[in-house]
Amino acid sequence: MIAARKRTVAVLGATGTVGQRFVSLLAEHPWFELTTLTTSERNAGKRYADAAHWHLSEPIPERARDITLTPTTDDLDAELCFSALPHEAAVEWEAGLAKTGHHVFSNVKTHRMDGDVPLVIAEVNPEHLDALRVQRKRRGWSGSIVANGNCSAIGFSLATAPLHRAYGIERALVTTLQALSGAGYPGVASLDGLDNVVPFIREEEEKLVEESRKFLGGWDGSRFAAAAFEMSASCNRVAVRDGHTEIIALTLRGSPSLLDVTATLRGFRGKPQELGLPTAPRCPIVVREEPDRPQPVLDRDVERGMAVTVGRIREDEVLGVKFVALSHNTIRGAAGASVLNAELAVAEKFV
Amino acid sequence: MIAARKRTVAVLGATGTVGQRFVSLLAEHPWFELTTLTTSERNAGKRYADAAHWHLSEPIPERARDITLTPTTDDLDAELCFSALPHEAAVEWEAGLAKTGHHVFSNVKTHRMDGDVPLVIAEVNPEHLDALRVQRKRRGWSGSIVANGNCSAIGFSLATAPLHRAYGIERALVTTLQALSGAGYPGVASLDGLDNVVPFIREEEEKLVEESRKFLGGWDGSRFAAAAFEMSASCNRVAVRDGHTEIIALTLRGSPSLLDVTATLRGFRGKPQELGLPTAPRCPIVVREEPDRPQPVLDRDVERGMAVTVGRIREDEVLGVKFVALSHNTIRGAAGASVLNAELAVAEKFV
Amino acid sequence: MIAARKRTVAVLGATGTVGQRFVSLLAEHPWFELTTLTTSERNAGKRYADAAHWHLSEPIPERARDITLTPTTDDLDAELCFSALPHEAAVEWEAGLAKTGHHVFSNVKTHRMDGDVPLVIAEVNPEHLDALRVQRKRRGWSGSIVANGNCSAIGFSLATAPLHRAYGIERALVTTLQALSGAGYPGVASLDGLDNVVPFIREEEEKLVEESRKFLGGWDGSRFAAAAFEMSASCNRVAVRDGHTEIIALTLRGSPSLLDVTATLRGFRGKPQELGLPTAPRCPIVVREEPDRPQPVLDRDVERGMAVTVGRIREDEVLGVKFVALSHNTIRGAAGASVLNAELAVAEKFV
Amino acid sequence: MIAARKRTVAVLGATGTVGQRFVSLLAEHPWFELTTLTTSERNAGKRYADAAHWHLSEPIPERARDITLTPTTDDLDAELCFSALPHEAAVEWEAGLAKTGHHVFSNVKTHRMDGDVPLVIAEVNPEHLDALRVQRKRRGWSGSIVANGNCSAIGFSLATAPLHRAYGIERALVTTLQALSGAGYPGVASLDGLDNVVPFIREEEEKLVEESRKFLGGWDGSRFAAAAFEMSASCNRVAVRDGHTEIIALTLRGSPSLLDVTATLRGFRGKPQELGLPTAPRCPIVVREEPDRPQPVLDRDVERGMAVTVGRIREDEVLGVKFVALSHNTIRGAAGASVLNAELAVAEKFV
């Protein structure tokens, strides 16, 4: 699929960890033209290459190096805005930008649970974009806000969506082993990260549960209905750079066989695959048979970081079925997912 | 409590990771006199200090440095034998040693699930030692075998035993984040251990489930009865040197309040505390209130590595209650627990 | 530059760490056609994808997955052989393969210091390939052996070659901080690698010194002359997956200014760049100005792992000038360098 | 040796990484009574156990838990003050405290290079304490300031002092591999610390060189004379929790044999050993013969962290002799060294 014309895009909060991923994904994007990078007052006016403390192993894209950083304002000259703002700045700017006609693809918690803001994983609940109609009408906006989820919620929801759709989840229990990059930069102190596990990530368990229920829930044309299953989450930080590992146990309606579960996951495709969106993985869920996979170092970069890798599908004596899911937290779980949402919105003519 | 006389003791397989912990714990033991260290044929005849590739941060005990390593044989000159043998060697030697009058405290899977071998955590099921009567009679042994459990099973069972005793566990789901030292030396390759999680440990989930059911089950004077609750385990290797973190969710009979669960764990004491055994922690379960504890670097060495630290006791929407338990896998989960078993057996006059 | 026809190539010892890098680099190579993968007797007959315990973050190339592994023999059906054999196997097979007409590009120490075997870094001493004439004549071979150096020696020699050529090195002192992957798989035990430095790598300091002197030395048409400078090396293993960091201090003839040193490094180009060889980096030495670079996570993948990154060029009160050099040890320091050597040999019609 | 009476002591900046080490070392000190813990305004009034984000593996000492934190002032009720203040606070308070009669043992750079402040390693240059006479007279203080050095400078100077004393150092080149704890908490971001080396520590190389020259230099009764040797330092941060590894090459006058160098290091004892000071290691330099020692995980805790471990003593083709030295950076390199300085000052009746 080819977009009719290139849209101008901005990255809000471009110097942080997620902002850098956006810059990396958008610099050579076939549909989008990266024109604007915003930052805090302190860094405004600097060249991007000078102000960003670059953390990615690939170099800063040539196209971005010389862009002059500007403060975030609500009259930005860009059609689409990818927001990697911190919560306080998002409260200040995202709604104003939407009001002035910008289409904001947000990566922060601020508006995720709003009743008229679609919280979207492009393969999982593309129909939630229809809420933008309501959002614009109710709020009088010419622009819009589409929310991207928390990294651990995206990993969980993408890995379980095909099963929820095919059978229905009754109960879900997930234990996460989350990467250090999820905390941003400087984020986790190395004295906490080395030779250690921290069994707590502030607000993470709450987000993981409530966002998953929204992702896997419905939209009836006027309201979101959260998926109704029981869910428990325990979130842990481990000494991994990128890639969240999630140990998932589920009770599924009808107790499908392991073969059926495996086939359902492996066969899953969504709108992005159907439409051939530029950032879409060919296969959003990669199922592996080896007993010791997925592993962060081996699987996080599969499909340019846009697939979830699932392994160890087996019976769970307590809940029914269990498996391990791994996703790249700053690509599939953040910037990549948000870019894919934007591509979907463009393709479906929502923006 | 003071033992009447010092018993002579051997460490079988003294050069490995667990063997080194035994040597460290036994060199200055008030009740035991370390006289014999065994090893493979290849190293026999060498000084211990020359043959052991020492891994512990404390130095090799003076008393052990100059002991000449011998091969394992069934006529060892030691009353008690602490076995850190690999499985094949344990098959070859442990029963023979018991037959010739030695009291073997084993740390390998070989005899753990035998119908007449007590698998003991000194605080949890000291009454299982009574099975030694049956064992000796049935097998015609003058000695005995007492088994120590797998490191992850000990952590789980010690942390949940007070709750099982007070309320009864109906269902248990545990996800482990296990330390590298659990795989011995050389064990996990650093390319698998750095920046990574391996979501699989061979045979570990099976051992964790079946041994926990034996620990928490009964002994009726002639047979062991496994505890009957449903249990599921998922075992993962993480980049931690020592200290297994276990994320535990339970359904307890009668749905006790979090306050009651906390008080039950905190108030737990067992025979070793009652008898004042030399290796006993004052408090076998340390409960912490901070939201981000336990952590391996901060909590694994509590009570000289002999306590389990529990934190994050909270409601679990799916199963009822959940918490995090941390134990030092080569001390509380291996050598230290076995030494404590031996002290208990001596104090109770089983050996 | 385009080769006239594709040469068939084999990877000897294809399942190990360096073998995997070869497979990854050769599967889609424009000049070479990967036809043969060899292994130990134990794995012969298996599919490559089944036998290789794959460690790289990119997936196994499609083209290699289904190749059936064969034992190494001297009648292999391949024109070029990239050898990642261990020393003992290299002793057994490399000379025989050369005798039977194969062009062997070896990565092991076996023949590196032989008087008629060129030890080559394509940018540094391409003229040493002329030794192949002597080698074939003296040994009666229709094939040949070209040796690739030790990873730390390649990093040092590539980073210092422009300075040796421009000024002459009088004294060199290098301290290395070497990556875990340099020890292969399983290689370094994670208990040695985590939270630790091992200040010793067997034979490494000797190789680093003697190979650097051969790289930077001369070939007079019949004999190699080692570069004559004084050199000291201290080699350490650190907790880094890939990328050797080398802290280098030099005394240069004529005491050039830091500006001159910087310009000399930055301006360096060699035969591979001149010929536009497929695996050549555009720029073999990348000089960075930031005070805290190079760093393994940020710089090892520059130029697809084929460049050395140099930073912190400054005065050294004792020796004259010092700087930090970083190179990807399994690409620039092993498989990539060897493939580049083969490209050079083809382009220059030595093979 | 036993002190006549207990001195009251304060820890200034007690909640940071070094402050915690002081608290741990002083809580049960035979000569000192810990009465006062100071902190920033923000934490003043809190219990120590509540305000300190405790990082050490041993628990907070009972004696310190309930001490109420106070702001730093110059009328503190304590005879000795161990200062772990940051530089700005040290500028503000240390001189004032000395003026009002306190004996300040400082761990920050602030006064280290002052012409009348002794910068002391108790085994290396105890005679520099005589500068306190001049200091008090010139400044009109009833108290005093004794400075403790930078962690890497202490490791280098203690390991080389016996050689400088016995032979004289002409040239020294040191490359450090420094632990994460040296940067305090939160200090190094885990994204910089994991799978990485950072070849730069701000101001560290300058401190290492100039402080080592002061430690190894002289005091003539009125002025310090820096040791005159040429010295070069390259400082790197590696993924180690505690323990700085230093790779040292020296040119010594008279080119002593390796046997003599080894004997000189091994036989070294200083005033603290002679006086039997409570915190003194029995042996300040431990020499190991194994080819792969010292290592942080195995050697940093030797002599309760107060010894330097030296290994790999061998010839250096460029400078003469080289070896590896390891020291615990927050004990021997910070708090422990400062406590030992205080013990020495008390024993020698300087305070």
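Chains here go by letter, A, B, C and D, matching the order in which they are written, and residues are numbered from 1 within each.
Everything below uses one rule, namely that contacts are C-beta pairs under 8 Å (C-beta built on N, C-alpha and C of every residue); 3 or more make two chains touch, one makes a residue touch a chain.
Only a predicted model underlies this, so the values are computations on that prediction, with no experimental measurement involved.
By the document's definition of touch, common neighbours of chain A and chain B comprise C, D.
Set against one another, A-C and B-C show the most C-beta pairs in contact at B-C. Distance between Cα centroids is largest for the pairing of chain C with B.
A straight line joining the Cα centres of chain C and chain D is 42 Å long. Put simply, the C-alpha centre of chain B and that of chain C have 48 angstrom between them.
For the pair chain A and chain C, the distance between C-alpha centroids works out to 40 Å. In chain B, the residues touching two or more other chains are 55, 191-192, 194-195, 239, 241, 297.
Those residues of chain A lying in contact with chain D across their complex are 17, 55, 180-181, 185-195, 239, 241. Residue ranges on chain A touching chain C, taken from their complex, read 54-55, 57-59, 194-195, 241, 297-298, 300-302. Residue ranges of chain A in contact with chain B, taken from their complex: 171-173, 175, 177, 191-192, 195-200, 209, 230-232, 234, 236, 238-241, 245, 247, 249, 291-297, 311-312, 316-319, 322, 324.
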